[in-house]
Structures are given as structure tokens and as C-alpha cells.
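Each of the next two complexes has chain A plus one more chain, namely chain B in the first and chain C in the second.
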Partner chain A sequence: MGLLSDPNRRKALTSLLTRLNTPICVVCYLAGIAWFMGLAFEPFTLRTYMSENAMGSTMVEERFPAGERALATAREFAAHKRKVGGMPVEWLVKTMQARGLEVFTQSFTRTLPFPDENKERYMVRGTNIYGILRAPRAPRTEALVLSAPCSPDNSNNQAVGLLLGLAQYFRSKMFYVEFDCTSLSGFFSHHSGMDYTPLQGRAGSIQAALSLELSSDVITSLDLVLEGLNGQLPNLDLANLFHAFCQKIGVLCTIQGKLQRGDWDTAEGYTHAVQTMMLMVLKQASGRPWGDHGLFLRYHIEAASVRGINSFRQYKTDATTIGRLLEGMFRKLNNLLERLHQSYFFYLMPSLTHFVSIGYYMPAFGLLATILLLRALDLWVQLGTPAQVTEDGAVLFIFSYYKSFLSPSVLVPSFKPSMVISHLTGVALYTLPVLSQETAVEHFPVSETEAVVLTAIAIYTAGLALPHNTHRFISGEGTEQGWRVLKLVALLYLAVLLGCTALINFSLGFILAITLVPAAACVTPHMPKALTALAMVLLSPGCTLLYCVFIFQELQEAPVTLPEGWMLFLSVISQGILDHSLYGSLVYPLLALLIYPCWLLLWNILFWK
Partner chain B sequence: MIFLKSSISTRWFWAPSAAPSSAAVSLPDSCEEELLIRPLHSGDIYASFQFRTLWDTDFLHQGKKVSHYRLFPKSLGQVLSKFSVRELHISFTQGYWRTMQWGQPIVPSPPGAELWVWFHNTVADVDGNWKELTNVLSGIFCASLNFIDSTNTVQPSASFKPLGLGNATDHRFLRYATLPREIVCTENLTPWKKLLPCGSKAGLAVLMKSEKLFHSSFHSQAVHIRPVCKDWQCSSTAWELRQTLNVVFDLYTSGQGKKEWSLFKMFSRTLTEACPLASSSKVYVDVTDNPEGELFDLSPATSVLNTAVVLGDRRTYSVYDLTQKETFGQLRSLNLVLRWKGESDMLRPLLHAERYVAGFGLQTGEIHTLIYNNHPYRAFPVLLLDSVPWYLRLYIHTLTVTSKTRENKPSYIHYQPSKDRLRPHLLEMLVQLPPHSVTEVTVQFERALLKWTEYTPDPNHGFYVGSSVISALVPSVVAMDTNNTQERPLFSSFFPTKEESSYFVRVYTEPLLVNLPTPDFSMPYNVICLTCTVVAVGYGSFYNLLTRTFQVEEPSQPLAKRLANVIRRIRGVPLL
Partner chain C sequence: SYLFIYLFYYITTKATQFFNSGHTNNWAVLVCTSRFWFNYRHVANVLSVYRSVKRLGIPDSHIVLMLADDMACNHRNPKPATVFSHKNMELNVYGDDVEVDYRGYEVTVENFLRVLTGRLPPSTPRSKRLLSDDRSNILIYLTGHGGNGFLKFQDSEEISNVELADAFEQMWQKRRYNELLFIIDTCQGASMYERFYSPNIMALASSQVGEDSLSHQPDLAIGVHLMDRYTFYLLEFLEDIHPASQANMNDLFKVCPKSQCVSTPGHRTDLFLRDPRSVLITDFFGSVRKVEITREAVNLTSAAEQPVEATKEPKSEPLSYVDQLPVAEIIHQKPKQKDWHPPDGFILGLWTLILLVFFKTYGIKHLKHIF
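Coming up: the complex of A and B.
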């Protein structure tokens, strides 16, 4: 600060930053990207380790024997499902009661704002069936949840069978739990946040939850799904627990569907790790729950989904082994004395054995965010230059900035209308697609879902034409000072937005920063209009989404052609809107109400006259 | 050590042999023991032991010191006289009584430890006595009752009335506290067994093997002391010590598929004799639901049946009198065997309650208490007692009581707000429950930030909030049944008789586990470092900037000029 209170040295510093602004920004951008890519490099990451003492050192011996019986139950369940033509609620209730559980049901309905074409439904309805296994001598204060999603179209029968088998097994054993007993309850098909009938039976506050998805009798590997609503992740110890038991029992386990490779020092090994991490980043950025567990995370319940995968590998794992794995995990969770809190909540996983903690990945974002601040500083200095000559005291110097900045002649006409109008466009983008679907369906030969998506795209495109002319109606001519103030505001606004987003959901913040930061840093009115406009459009949030769709498909080794990708892009938009209305996912409102208006401000600068 | 042991047993076993000579005079003290076995609807087995010791002394009224003890345990007797206790009820429970599956318990108790004491109204310093008493009891029962202090003690105005003689109504002499976190295990059972006249040496108490008692779904042991009448005229009083032990055994875990129960399977012992000191020693088996043996087989069969109205329901019991030789048969041991034939189902008890915390996040929450009245046509009032620790700050203006979607205004509310670190919230309400309804009581709360030394060693486990207590007079099943002409003459059943028309029930809800905002305890160091840095660098230099006046510095003088000035200063000439 001594540096800044000395006008000479300050002058030197600011002149350095102004002079070298562009090179520093370029270096920061490249360093940010390089840092991010380095995160997947194994020597730079930490090995996972069990932090929770209660789960680490205690031994459990898994004895679950009844895999075959569980599969028989699964077949019976499938038969009943076919017979009823939906969920065999009564059969499930009876079966669970016969296994000594307290069984309750809860039905729910929710009308979606528009039909969901991916799942072909307009109304989300169903019944949760849950059985509570009361732990002996426990006062009903804590619970663990094992759930299996089952909707009529989804063949998750084996999971249901295994769940029932495990319930019976757990019921017949009385585990000697030291002092802290937890109730174990099974939920089936869990959804929340909708009209529902009141719960009849309760178990206690849920400590952890596992969701099981299993659609074949034998599997080759188990995949762990962590990403939940709004990019929330469960405590890393849950992933460690899963990995530890896979190792112990000898089941192949994957994350993002990718097996781990041992050769980190080869190019292929590194690429593999990058792919795994990128998949996690993209999934987290999407903000949607990638399994049934995702909804638990909102309530600060540590949860993960375990998905059985049956591929063409030789070595198969049977249901008994999966049962033993789950038994082991549950018994370790049962040993917990406290909620899972020891390990990380913010992390990225380039493989199941390695993780990148928040302290390691945040600098990548920080480097990108620095660019915005540097550009803002540059503009600030440029704006303040005339004032600087006349004043020499530091305090007066600062005030002079404010004076020039806050003077109504500069402030009001230059950025306020653009700000308001771009945000109104954002509000229109957020509300109109759903509101105007009926009108759109009347006038155009499209379905409701298409209507919503196409309206959203139309408003998005129309927004490009709207705001950049507005200031002219109000102030006549845009001044040179005007666009600088506007850009300064836009830069700081974007920096705050991205910073907040990255704190909640790093992946989303980083992905947006990659495209938005160069756009924000470079844009001025004095550039070749057509070329820059094209670049701006390519760097807009909508196009970022499009790239993400393609990259995601590429990483999943299911590349798509351009038209397929476009269709996928449309469905992603509709899913985003549906996730927002059904689960409260925040990505769509964030993009529509904040990021898109912010980008419009930049667009405005480009067409400043 | 050996000598000591034998001397004790001599004392025990000499006493009864002396008794017959003076039996007509009736010794001042007496004791009874009984075991009730009730097959529950869920297929589990409920075993309830009751031991009653009467002590014919009246030290409270006469103020004389008592130093002679026979059957009544001296440790408790001294406590009673020292602290001027009028009534004492203490229970230790591991597990939660599942009303929906098991019906009403004979002796209800909340999970953890519960202690309520009525002091004699001559006591001047009730709080002092209470504090000392809890510490003494903590030693006697090997439990953490010493954690009872003013922050978890309340004085209920209506919910806990004396069960013994005397109609004390001034709740200043009542103290009530629960420790929902208390864990009950063998170290609590051993001192409890030592209070029995025969210890665990003879009688029913031989069944109390801790490895079996704690291999169950529910375990509760209690001690109740109260003054009772000695005879029907109540000319003199006696102290009654009632020790109860309730266990529910799980059918699934130990049955291995076979639904069969026996005393030996439950307790790994059979009965061979009664406690020689006991005037009565009986085993009751509830056979009400099993008149023709369709639910279970009981062997050996007994012809002695006893009918009593228990908890508003007329029950029939097979009675095995252990003081009779023929009870034990030729094997000289009694091993009751029950073979299940029926199916298990859920009950609908007339009154039951549950409680949970709604909401997420660590700032606010809402406590929901649901009270079910499953009576088809009778409404009845219940007293709800809630004692909530101070660190949940109740927003009492958000208190709502609704039944059948309509507001249900309590006719009596007693609310005592909490004081931070001093006393808990106390909320008592008299609520009328409409027939066949669910009444929901909700109140919002804010989670307080504790000081960092106030957290428990496992703060992420959460903090316990004790059970709510619901006390009610529930219309009895017997009174509902107006067509029951089999046993009673017609003229007796037109007006419901008072003593049978309703019965007293106390229902405890589950305790709550609430997460409070918990700091990361490695954080203080980081926070101190960060704060110091911010203060030093940020605040310091900003303050500097704001308070300093800045002046343009003269360009530094050349060396020659400075030298010249030095010389001029020496010469006393004005400087250049």
C-alpha cells in the first residue's frame, strides 16, 4: 500500500500495467488453460485417502449370500410389473412387509410446464414405496437410505430385487453397532419438490444415501456417479468408500464410465485422465442430477449412485458380489459417528484414485478472472487520465475518479439503458418460452417442446438486434467515454458473476470464463464489425452450450454428426428448462437472467456509435 | 472378598427362614416380583419385569432418622431422607418404543435417561437439592446424570403429577430432566440389579443376563419410588420402590426363521425357584388374543387365568405361581415355550405421536409434532410437553396447532422462554384432539451459534432434543365395546363406569437430532492468520492513506547545496 500512496511509484505501476496489459492478459489466459489441463496430470494431483476414522480403520466382513434369490425376486418383480402395466405397488408393499420392514407409500404428481419429449411425459407422477428397517435399540434419530429408481419404462428390476434381498438380509442380522445405531430404510423411486401426500412413517435424519441402478443379472463393472443438482458433489469419502470396497471385493469400478489406467506418463494415459476429468467438468457444469442421488445432495445428505454396467468384457460379477459390496458400504456407513464431513466437498476426479481439490483448481479460474480485472484497471486508468494531471493527493485522486465516473453526463445515458434493456431481454428469455408456447403452437406446425425451445432461440437471437441501438434513442450519440464506462461496468459485472458461479459450481464458471473472458477482454467499437460480430456470436453462452454438447458426445465416445448434434442441443435446452421447473436447477435462470444480459452488454459495445 | 460375598448371601437367605415364625405379625417390609410376557402383534415378544418393595417407614412426617434397612436398599433410602424426596422416577432406555407395532407399553419411557422428582414442600433450596441429588444418582446408577443442570431441567406445570400419596400441585417442587443421548448398557443394569432384594441370585432376576437383555430391540429399566398407603384406610404410609425392566425381543434376528420362543431362548436361563424373600412371585403370559390357541401355542399350559383391565383393554393372563412347587413340574424348572402360528400386522393404537425436524440448511428449521387420535368417534384432550434446549431459538409466534386442516386453539398454554446457557424452553399445551384425526403442532426455530468450547467432541453428529411428552386420558377400548355381553350382566354395561371409561397414557415421541452450524475446528488457526493479515495489510494501509496528508516532495538537493546549508547552519545564516 506504500506503493500506492506514493504517487510516483503508483504512476509507474499503473503505466506498467497499462503498457503490458495485453501481453499479461494473453499470458494469464494461456496459463489458466494450461493450469487446468495440468490438473489431470497425475503427479500434480493427490491420491485419494479415507479421511473419516470411523470408516477407515474398522473392519467389516461381508457375508451377503442371497444374490440368486435377489435375482429371482427381480424376475418376479418384472413379471408383476408387466402384469400390472406399471408399478406393482401392492406387490412391493406385500413383499417388503414379508421381509419384516415397516412399509409406507407416498404418491406424488407434478405437471410439467411443457411435455418432456425425451421421457414422453407431461405429468410426473408416481408412488414412492419405502420400507423402514428399524435398528434395534436406536432412538430413530439417524437413517441411511438405499434406493432404486423404478419408473415403468426403466428396467431397473435387478436393483429392486437386490434391494429386497439386502433388506431381508439386514433384517435377519443384528449388527453390533457400537453405541450409535442407525436405522436403515429403503426408498424406491424418490422424487421431491412436488405435490405429494404426507409421509406416514419416518426414520430420522438421513446421514447418507446410495442409489442403485442395475439392469442386468451380471455386470462387468460398477460406475460411480457423483454429480448432483447444481453441480453439488457428495463428500469425497463416499467415493473413497466405494473405491475401497471395489478394491477389497475385486470388482472393476469406474468413474464417468472410464476405467483407470496405470500409465500416467504416456500420452494416452494423460489423455485418458483429461477425458475423465473433462467429462466430470461437463456433467457438473450441466447442473442436472445425473442419478437419483442428485436430489439428496440439495439437503446436505451425502449421496451417490452406483450403476451396474454390462459390457463385452470376459470377467463378470454376479449379484451376490454386488450385494456384498453394498453390504460392506452400508456397514461402514453404519459405523459413522458423525455426518461425513472430514473429506473434501469440492473436488474434481481425473480417476477414482486421484482427485484435485479446490485449492488446486481454483487458480485456473483465478488466472482467467484476473484478465477481467486487468482490463478493468486499464479502462479505469484511461478514464481517469485527465483528472490525474490536475490532482496530486491520493485521496483527491480517488475522488476525482469518482467525480468523473459518477457525473450524470457520463453515467446515466451511457450504460443504464443498455443495462436495463439487456436485462429485460434476459427476463424475456427466461419467461416467454414457457408462457408463449400455446401461441407458438397455434401459429406454427411444431410440438409444444419444440415451440418452447425455438422460442428461446428466437428470443436469444432477437436480443442481438435489440439493445445495441438503444443508447442512441436516449442520448443521441455514444461518446468515446461512454463505451469505456459501459465496458468497465460490463467487465466488473462479468467478473463478479463468474466469480460467484465458480464458487458454487467451478465447472460452470470455468467453462463460461473460457469463452466469455476473451470476448469481454477484446471487444471495442473500433474493430472490423462483421468479423468481430462473428467472433462474438461464436463466443456467446448459447454457442458455448453447443460446443459442450459436441465435446461431451466426443468424450463419451459417441460422436454425433452436425444435425444430430443440433437436435441434441435443442433437447438439452428443453431439459434445462424442465430441470429448472422440476428440480430447481439454477443453470437456466443463471444463463438467461445474468450471463446472457452481460454478454449483450459486450455486444452493445461492439456496435457503439 | 470371598468372605464378604458369603456374608451378604447369608444375610439374604437367613431372613426368610426367620420369617415364618413371626409371619402372623407380618414383617415391616415386603416385596413382590412378577414377569409379564406379552406376544406382540408384530410377532415380537415383550417381557416386563416388575419388582415391588414396600418399606414401612414414615420418616418424612416424623422427621426421625432411619438407620435400619431390611429389604429396601440402603443407598436409595439414604438418598430419600437426605434430599427430602417425596417421589422419584428414573428410567434408562435404549431404543424407541414402536407404538405402531407394539401397542402401548406397560411403563412408558423416553429414549435415553429420564429423571423426575417431587421434593417435599419443606425443602428451601430445591435447585441445590436437585443438583446434589442428580450427582448422587449418577454415582448410584453409573450414568451421566451429572450432566443434568439448569440448561436441561424444567418444571412442568401440568404434565407430571405425583403418582403417590398427597396432592402436591405446586410445581416449584418438581424437577424434570431428560438426557436423550444417554446410552444404556450393562454398567447401568448391574447397579439396578443390586437394588433387588434377592439381587440376581434367585427368583425372576436370574433371567437377567445382560448379554441377552441387550441383544434385543428395546431395553428399558426404571426405578420408581413413591409413598403409598399401607392399608385401605390409609392410616399409615409406606414407601414403595418399584423396579421395572422392559425388554422386547426381536423375532427375526434370533428365531432363524422358526417363530418359536422360550424362556431359555430369551434369557438363556429357566426358572427354578421364586425369590425366597418375595411374598409373591408370578409369571403372567398374555393370552387375550389367543383364546383358542390360533395365534400361538403355549406350554406348559396352566389352568389359572387372570383377567384384568390393563390400559383400557380387558386382558386375560395365564398365571404361573413360582411359590407353588407344582409350577416347576418334574424337571424342577419352568421353561415357557411359545410357538407362533399367526401373521404379524400393524396396529392402530388410539393415541400415538411422532416428531421430526423439517427444512434444510443450518439457519432455521421447523419442529413438527404429529399427534394421532385413532379413536373413531371420541375426542379427548392431551397435554403436550416440549422441552427444547436454548440453542434452538423457538419462534413462538410461529406456533400453530392444526387438526383436519383447521386451526385448533389450545385451551391452555404454559410457555417459559429460554435463557441462553441458563434454561431451556418449556412449552406445555392442552390440546383437544378431534376424533380420527392427526393434529400437527409446528413451531419454527433458529439455530444458535455456539461458542467454540460449547460444542461436543462430535459436533457433526448433531445435537439432541429430548422427546416430547404427551399425557392423556384415553377413552378405553372396554368402554367402546358396548356389545360385550358375554362376561358381564346387562345391567352393568349401560353407563360406562368411570374407572374403565378412560385410562392414563403417556406417549413419548422420538428425540430429535439437529445439526447446528459447526465450524471446521482446524479453522480458527486459519481464520486468525487471515484476519491478522487482512487487518495488518488492508486496514493499516487504508487507514494510512486516509489519514496522511500528502505533499509534493521537493526534489532532493544536490550534495553541494546540502553541504553549503550545513555550513550556513553553523554560521547562523539563513539556509539557501
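Coming up: the complex of A and C.
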């Protein structure tokens, strides 16, 4: 007989599984964490290299001369911005036209569901100005985009100046693809609810985009920002291109604001790499676009943001050099034959020259998911063996096995109400905070943003009280089978959820897995209630978010105290809701509608009577 | 008089030596197999060899030039209509009189083999055919991206060394060449001539198996590498050759030593019947100038008497252009059918009748509601 159909062998296997379950789970968890930490260790990473043949072997001498003129334009732009008190649309249109671009404008407005306290606005409104530089001899089938975000305050003027300078310079050169200069503040207005005037100019399908943020006349280093909406990253070739040019021109380049260290074998070097990687993981997990480029990625346009940083270093780089770097990058992108697709789309970067691809980091998550599957298997086995076996004989054994497991009297009532109630709470968590902000503001002396956030936290905490109130509805109560079935379903559900999340946004999936997997694996009704309850709350998604906020601040070298951290946490929740309504970020719906109900199921199991 | 005898003897030996090779015409098949802008150097390679071969006397009618992509008119070329081979744009190998026979997507393995073996469809023009005979010396130059035993065509297919060797054997059996010089400038080029087994083939390659052929110099204004090293030094060598030069194959083997090329050029002469020392470069790169030495004098001064034709031509009718395409006879068209409508009065009468019947049935009093 086969391995699994022979009852004796199966009994041996299942007893092995039951005996070794906990040790294997512990080992898997520790191995998963260790694997993840080991990703930043330099011998385990690969050096970055140019995968795209069309970009690798071509080289041009960059000759951009007009750095000073770009800065003068920037000062003019700042003056006009102050005069108009917003974005000087007419001046920008006139200047772009003077440089030979075809200029179009697009205005948009969008009312936020509740006012944004961080940016002090209740509606998002603005004008996008984009100018198209036509290639003289080419068909209008491909385009590259250089964009600079404009804000009403006195930042990013130099980027606009440099953008205009580059446009003028590129006009005199032979370019293959068309070149779009845009000053964006919310270019992508396809969202429902956003009012926008339709786009008029057509340039060709966009191959790559760069967003430039420069707020000072001279810089000491350039920072590359890759993380986009929902944790999507551009093709690694774009980062490789940037790094190649930094080396060629001799500009200091950083990622996550951290400079690369050469000593990987020392403890400090390793911690530095781990910090850089953790910053990238946290930024990716948040699901928000960390630069203007983040919104291009949804449309399969490879985009990155380049940010100029002026710190207290001796060696300063002027605008001409930055212009040369951008010129070189665009000349190389000009030679692209197809969209960037040769290099990786899923990766983590512990430094600008090293990367970890999906094949290397996924096993860390896989180990954590194995714990869930092992536990589920264990429960399946426990559910499968009936309380006593009176009749002998293989047929009756198999019959009673199937009968006890598939009888609807055991299965359905025990977990269906719990599932429904948990998901209803999740839906409440998703919809109620925004909907009920007016009533909250009427009755309590809080602002709308605070009302939304505090309602969310209130619903979250109210979910903790559910088991006491809903055990009436659960008819399978009191049976050992009941909570086992529920836990089996919860484990599989969690495994599927986390697996799907990790495939799309590995960082989010992994961070949720780190806290939720031990909670899911260990929870039973037989453990000491108070202690386990505390542990469950500490491992809940809300507290995970709190820890992430604190860790993020630590890594940014701006550690916060507890009250400040709490305020930051509240603002993070409000930003999450706003990102979801403005850009379509999926983190908040995922947490509210799927992860939180799953955690509630586990909480239900804990308080099973 | 001794001097005269000596000179006479010298000229005849030179003359006999001139006819030692046994070929009467020269052909060249020059192929660039790679497309895309960053493979600019392969097109420049082939065009440099084309230039040398034309300069040394082979006419366009005897050259089959196959270029897989158009670099001169590529949108990315900052100097349109030029293909440079030296940096700082010293030498434009595209020139004014380049005649490309197979261009773009026509450069395929199938077309290349058909050209070599002569199995082309009857509609192929003469400029696309290799019309060689058993007294032709053929120069075949291939360049592109290659590997161990294959050469990549157009980024989509490959030709293997076995196929190439079989094609040459077909050429030998069909008596399509007298002697063949095969030059290949790709990575691991020596693997392409390993399998040859037909007689009278001499082969040169830019690199051995396991080695990469490297490119020579990038041009920072155009932004690409302009040429490969082997062909660059080959071009320099060939620029010194003129149609009457006596340089032989041993000099060609010395082109681009490892110090200049980084890869080790290789050659194969075991299938060749003559000693390479006695083979002139112009046997393959140049064109045969057939000189016949005669000892009799030819009288060119007296004009030959031509009888005048006095026949009267018959008077012919005035000619007119024939109606080449008598459309009316070919296309028998029927007049277009107009749709038949009933006469208008009839419709009016019909509706009046319907109305009257209606009012008759339901009473005349409704009529006043309408009018």
C-alpha cells in the first residue's frame, strides 16, 4: 500500500507530525527571521549590474553647460510663485513655449474625505503643466518624462529651473524619443471622484520617467527614491543607471539617505546595511508613494525620484553637474529599444550597489508560512481522529473518519457566524470612521481628522469585546471540535492572505507575518487568559503598526518619545485612509477588511467557551 | 641587350606568376548579422571591408552586401547618412556609392545560404545573386555576435558551423568557387571554421574558442563603439594595399596580434592547396586584371572598309499606342439598378383611404379633433 493510504504508516506519519510540530514551528520561525536578517549580509547579496544591453554599451560625453542659467530661471520662478501666491501657470507656460516645447495645462480638484492635518488642506487642487519636446526625425511612438513637483512653499524651485534648462539643451540635441517636461502635483487623475480637464497633448507611450526634487543651489549628494504606490518598485535597471552615472560624474549618491559603507565584515557595516534594508522594507510596506514617481509605476512606466540633499559636507556639486548627470541618464534611456524589462522588478537594496532579488528573500516568508501550514495540518489530524474507535476494521475506521469530519453539525455553525461577525467588524472599521465623522465632531470636541482616527481606534478596540457578546450565536460552543475547526479555517485563511500580500508587496506580508504567525500558531482556549490576551493585543495589526512607526523613526535617526510616537501613529492612520481615497493605496483596506477580521477570529478562539 | 633579356625574362615570370592562382574573377559576400543601434560597430566593420574591396577593384556587381540594420538613417544617429569607423569622425565608410543588396529583415540565414549555394528563386535580381563560377575567388566576411559554433542573425536565429561547412561543400560540388577566403569577426569566431571540409578554403577569425572579440573605441558624440578591434586593424592594413601590391597571406595572418586585439586571431590553411606565402592579398580583396602579353604587333592604323547597306526599308504604317488595358472589354458592367418606388400619388391615395376607413368605422366626429 502507498505511504498515505496505508493506515499504519499514516498513523506513524501523523504521530510524527503531532510530536514534532512545535519544535519545527519554532525552528521555522527563528530560521525565517534569521534568513531575513541575513539578507543584508554582503556576501549573500549580488552586485548590481546593467542588464539592458541597449543601455549598457552606449556612452556619450555629457555637455550640459547651463547650470547657472537654470538657477537664474529658478529664482525667477520663485519670485513669480510668491507674487501669484500659488503656481505661476502663465509664466511657466510662456517660459516653456519660449524654449520650444508644446505646452498644455490640466487642472484638477479633489475633495478629501476629511481634512488632512499634515498638509493642512481639505481639498487637493492644482494645475499640471506639461511641455512636449518633439523629436525631429523620429515617429512619435515613445517618450521619456522628466517631472518636478511644485508646491506653494519655497521648495523645489531649483528643480523647475533645471528642468527648463535641460529642455532647452535637449532641444539642440538629436533625440530619438520625445521628452516631456512636467510640473506636476497630482498628474494622475483617473481616480473616481477627481475632477479634471482632459489631457490634450499626445506624445507616445512613456518608456521611463524621472522626478526631480532640488531645493538648493548646490547639493552634496543625490538620493534615489524607488518605492512607489502599494510597494511597487521600478525596474532595477533604473537604479543601476543612476548609480552608473553617479560613479561616472563623481557625485555622491545615497539610497534611503544612507551612504554606502565599505566594511561589510564589521558589525557596524552590517548594521548599517540592515538599517538601509529595513528602511526600504518599512517604506515599501507602508504602500504610499514616497516621491512623485510612485504614481507612474501603476501604469507600467519605470520611474524613480532623484532628490538633492544639501548637508554639511565640504564638497558641493553645482547645478551644471546635476544637469550633466540627468543629461547622461536621458541619453542612455534614449537608446532603449523596448521598455525596461531585463532586470528585476522585485528586489530589496541593502545599499546602492547591492541587491537581493525575490528568489533570495521569498524563502524567509515561506518559512513563516510553513508554520501556519504545519499547524493547520496538525489540527486536521487532530480533527480527523475520532474520540474512540469501537469497531475494528479499515472500512469502518475510514467511514467514521469521514463521517465525523464532514458532518455539517460540527462544521458549519462553529465558524460561519464567527467569520461573518469578524468581517462585519472589518467592514465597520473600513467604512464607519469616514462616514461618521460629522456625528463625532458634533458630539465631541475634536477636529475631523482626529474624529476619523479615533473612531477607527474605537472600533478596533470594540472588536476586542466581541467574544463575550457573540458566543450566544455560536451553537457549536462547548465542543473541542468547534474551536479547532475555527482555528484550522483561520490558519488557512491567514496563510492565503499573507501569501497573496507577500507576492504583491513582500515587505507588508513579511511584517504582518512576523507578528501574526506566532499569534495564530500558539493561540488555544486552554492558555492562561489574561497573559495570552495581552500577548494577542501586542501582536495585533494595530500594535504592529505602532512598532513600525517607532522603528522607522529610530532608523531615520530621529527617535521619538512615546507621546510623540502616539501622535505620529494617529497621523499615520489618517494618512493611510487618505492615501486610499486619493491614490488607491491598498494597505488600509487590506488591514481593515481582511487582516483585522482574521485577527478577530484568533481572538475569538482565545475566548472560546 | 643582356638587360633587355633580363627584363623580358623578369616580365614573363611575373606574368606567369600572375596567372598562377587560376582564378579569373573575384566576388565578395559581406554580411553584417546584427541589428539595433548599439551594434553600430558591426555595420561599420562590414562597410570598411566593402570600402577596401571596392577600392581594390571589385565592382558592385560582384559584391553581395548584406546589412541587417540601417545605422546611417537610424533616428538616434546624430550625424545622419554617415557611418564612421574612426573616432572623431575621420572616415565615413558609408559614403555616396554604397550599394546594399540585402537590407534589414532580408538578412536571414536562409537568404545567406541561398546566396552561397545559388538556389534563389528565378525572380531574384542579378545584384542579389552570387553568380560565381569555378574560376571565381570569393571573399566571405561575416561579423556580428557569435558563440561557440554559431553566429546569431538578427537576434532571432543562428547559423551553425556545420551548416556553413555544408554550404561550402555544396558550393564546391556545384563548382561555384575556385578558392574561398573566409573571414569572421565575432566572439569565438574560430569555432565557425572548425568544421570546414571542402578544399581550397582559407579561414581567418578574430578570436579563438572561449575568447571574446572586443570593440575598439567608443565615440563620445555618437555614443556607440565604432568598430571592432580586429576589423579596425584589418582596415588599417588594407589601406596600405593597392591593386598591384605583392603582400601575401602571411602578412594578413599577422594583422592584429594579441597585444592589439586582446583576443588571439586564428587562421586555418590546411584545406588550401597553395602555400599561403604565394597567395596575394589582391587574389581575394582585389579584382583580376587580365593582361595578355603579345609578341606580334597589331596594325591599328588602316581603317577597315565597311560595305554600306543600301537596302531600302519598307514603309511602315504610322504607329499609335496600343490600348494596353481595355477596361470596357474586361469589365462587363451592367447598368446600376435603381430601386423602384411606387408613384407618389399612389401613396397619398392609400393613406387617404386608410384614414377614411378609420373614420367610417369609428365615427366622423373624431375627424374634427384632427383638423
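What we mean here is this: the second predicted complex is superposed on the first by the 556 of 609 C-alpha atoms of A that agree within 3 Å, B and C clash if a C-alpha of one lies under 4 Å from a C-alpha of the other, contacts with A are read in each partner's own complex, and residues count from 1 in each chain.
We adopt the following convention: contacts are C-beta pairs under 8 Å (C-beta built on N, C-alpha and C of every residue); 3 or more make two chains touch, one makes a residue touch a chain.
Everything numeric in this text was worked out from a predicted model, so none of it was measured.
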Of the two partner chains, chain B (first) and chain C (second), which one does A:A138 touch, if any: first, second, both, or neither?
-> both
Is A:L337 touching the first partner chain B, the second partner chain C, both, or neither of them?
-> both
Superposition-derived comparison: chain B or chain C, residues of chain A touched | B
Could you look at A:E61 and tell me whether it touches chain B, chain C, both or neither (first, second, both, neither)?
-> second
What residues on chain A does chain C touch that chain B touches too?
-> 137-138, 173-174, 337
Sort out for me which residues of chain C touch chain A in the complex.
-> 36-38, 75-78, 80, 215, 218, 220-221, 223-225
Chain A contacts chain C in the complex at 53-54, 57-61, 135, 137-138, 173-174, 176, 331, 334-335, 337
Write out the stretch or stretches of chain B touching chain A in their complex.
-> 94-96, 98, 100-101, 111-112, 180, 183, 214-219, 250, 252-254, 346, 354, 356-357, 360-361, 458-462, 464, 510-513, 515, 518, 537, 540-542, 544-546, 548-550, 552
Would you mind writing out the residues of chain A in touch with chain B in their complex?
-> 1-2, 4-5, 7, 100, 102, 134, 136-142, 171-174, 179-180, 201-202, 204-205, 298-300, 337-339, 341, 392-395
